[in-house]
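The following pair of complexes shares a single chain, chain A, combined with chain B in the former and chain C in the latter.
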Partner chain A sequence: MSYSNFFYQMLKRDLQLAKTQKHELGLPVLFFILVLILFPIAIGPEGGLLARLAPSVGWIAVILAILIALPRMFAEDYENGWLEQLFLSGYPGSLIVTARLVSFWLLYCLPLILSSFLLVPFFSFDLGLWWILLQTLICGSILMTCLGSLASALLVSSRKGSGVMALLIVPLLIPAVIFASAAQEAASQALPYTSPMLILFALAVFALTVAPIATAQALRLNLG
Partner chain B sequence: MFKWLHPYAKPEKAYLLSLSIFKYLMPVAIIGLFVGSLWGLMFAPADYQQGDSFRIMYIHVPAAIWSMGVYMSMGIAGFCALVWQIRLMELSVIAMAPIGAVFTSIALFTGALWGKPMWGAWWVWDARLTSELILLFLYLGVFALFHSFDDKRYGAKAACILSVIGMINVPIIHYSVEWWNTLHQGASITKFDKPSIAGEMLWPLLINIFACMLFFMALTAYRFATEVLRSESHRKWVLQINK
Partner chain C sequence: MLSANQLTCIRNQRILFDELSFELESGQLLYLTGPNGAGKTTLLRSLVGLQQLQQGEVSLNGQPISDCGEQILYIGHKPAVNEWLSARQNLAHWFELTQQQADCELLLQKVGLGGLMDIPVKFLSAGQKRRVALVRMWQSDAKLWVLDEPFTSIDIKGVEVLTSLFEKHKKNGGYIVVTSHQTLPDELVDKNLHLTYRF
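Showing the complex of A and B:
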């Protein structure tokens, strides 16, 4: 099988498996919406303040929701031995990981990003600014998926790992949060926001380049 | 050099070497810290603007410098451990992580003590403070990752991978945070040509920085020796030592 065909087959398998477990896919999105609802209730229903907080709330909620979803990235395949077979198959580990990254992003991150639209009605958020939030979230979620794949690969054989996940990912995510909020801030004042957006994009591309190699290494380590 | 270095890949030799490093460095480090701190805290002239509260610098600056230096050496050790598959290097990463975390906490704590009279706040979201705080969490992450496995060997390797990833990320975090917000005063002693600090103030600081490094090396050697013993606890030479 050629590499591209292998990649396609891996992706197809992940998506087909996901089709059989629809309820699992919905949980992070539900969690995301619940976090969104908590904020106005805790802060108070004042429109102006909520609109200012909306992009940050969106980002925090996406990070939390992805943290919920991340332990599932490799756990099942590790337990039933599929991962081991894949690594024995002789295909490059980074290819296997990249396929999983893409399927994870499509299955978990994309719904989250799209449901950030709820900020517009709930937080009386400006539609034009939401469009920018959407772009920062696309870059950010790629970064989160990459870092998260590394963390969940490191923790895949650990029984007490779930609490450590946040400790591994959040400090490394801080630059992305900073640039995203800088872009949002600039856009809300009608200033050019290209440069933080480009840096964010660069971070995402960099992570996408390095993460598959590191993740494959971490998985090999866990497979012994 | 390798011929000379080679025997130390053996745990027993490494154990003895690190113990003797500890034995020689620890007294020097303690004397250095004592002299530097006493000189700095009691005898150095008071600052004309900040009065006596600038003296916290003699603790704060060495701790802050080595909080970063320890991370760097941890990352390099982790990288070497992964690339050349040296098991003892993995143990050294684990040996360094808590020490670095303690240095970082000391830097944060003394910084807060200084910030209250100077800036009027225990904490501000300034660039350096924030990146130091993130550094603390990176250390804790490495250590927590090591302890979340029953198999210590996997835990150590995983911690190595994380320390290397963290090392790549430290400059990114540093510059992003710098760009975000800056209030902390600039460095005074890294300008080599003409330091903007008086000589009588500078000397105890330099002594403390150097002594802190020796202290870190000695502690690392000791923790490393302990880790070696623990990982080799079933071997004959360990049993002989314990007898």
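Showing the complex of A and C:
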């Protein structure tokens, strides 16, 4: 089987599995939407303040929502032994990981990013600014998926993974949060925001290049 | 020829086995025995290259085992069966992974899962789950079979079927390494290896 076909089969299996576990899939999105609903209620109907807070609330809620989903990235396949069969099959480990990264991003991150549109009605957030937030969230969620895959692979054999995972990932995400808010700030004052956006994009590309190799190695360590 | 050369494994500051060497000719079955905790599973995993060893190497027909992925069928304690997918889906994914063409329906009927192939494996009994994993042996291109306790939760009739599969695989010139707490028929076993529990 060619690599592309293998990649496609991996994705197909992940999507098939997702269909059987809809409740797991919905939990992060539900959490995210609840934050977006509760926040304006708690702050009060002050349009200007809410609009100013909207991008940061969106970012924080996305980070926390992804953190809920991350421990599950490799856990099930590790427990039931499918992961060792994948590594025995002779396909490159980084290909296996990349397929999982893509399916994770599609299944968990994409719905979150899209539902950030709710910021527009709930926070009276400007539609043009939301468009920029969307771009920063796409880069940020890719970065987070990659960092998360490494942490998730390192912790896959330990049962108390989730707490440690937050400690591992969140500090590494801080640069992304800073550049995202810089881009947002600049855009809200109608200044050019290209440079923080490009740095964010570079971070995502770098993570996407390195993470599959590192994650595959971490998984191998945990299997042996 | 499957040859293990000077295998040494230390886990949790305990030597499981050291400088263990053996060879297995084509068409032979190695029966691995030993008490719980002696390192049987670890030895099997190191034979297929999943376990990192302190020392030693395994080769199949002169090639290091890490390059022989497609020639190995490893069925371990973990069945590699997803509980939420049906038996048919699980098997289909397996054949996609191993690049084989097979009639999943027919195979599952053969192992007595005829009416159960479309419900999630979660709802099957332990023995039936085990069958979903073991059905891979019916249609396997792999030369080397490494089986960790294949008879667990399998009924008497199932054990007979499995032993007949072993015979067939041996006739075809395959290699089998198997552990079991049940005794295998003497005519099936070509080599015995006993691991002792070491402190």
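Here is the rule we use: the second predicted complex is superposed on the first by the 224 of 224 C-alpha atoms of A that agree within 3 Å, B and C clash if a C-alpha of one lies under 4 Å from a C-alpha of the other, contacts with A are read in each partner's own complex, and residues count from 1 in each chain.
The rule is short, and it goes like this: contacts are C-beta pairs under 8 Å (C-beta built on N, C-alpha and C of every residue); 3 or more make two chains touch, one makes a residue touch a chain.
In this text, all values refer to a predicted model and were calculated from it rather than measured experimentally.
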item: Three-chain arrangement built on chain A, chain B and chain C clash or fit; value: fit
item: First (chain B), second (chain C), both or neither touched by A:His23; value: neither
item: Which superposed partner A:Asn222 touches (first chain B, second chain C, both, neither); value: first
item: Spatial angle chain C-chain A-chain B, Cα centroids [nearest 10 degrees]; value: 90
item: Distance of closest approach, chain C and chain B, by C-alpha atoms in Å; value: 6
item: Footprint overlap on chain A, where chain B in one structure and chain C in the other make contact; value: 221
item: In the complex with chain B, residue positions of chain A that touch it; value: 150, 154-155, 157-161, 163-164, 167-168, 170-172, 174-175, 178-179, 182, 203, 210, 214, 217-218, 221-222
item: Chain A partner contacts - residues on chain C that touch it in the complex; value: 45, 48-52, 67, 69-70, 72, 74, 76-85, 89, 93-94, 96-99, 120
item: Chain C contact footprint on chain A (complex, rising order); value: 1, 6, 9, 13, 16-17, 20-21, 76-77, 79-82, 84-91, 221, 223-224
item: Contacting residues of chain B [partner chain A, same complex]; value: 82, 130, 134, 137-138, 140-141, 144-145, 148-151, 154, 157-158, 161-162, 165-166, 168-169, 172-173, 176-177, 179-180
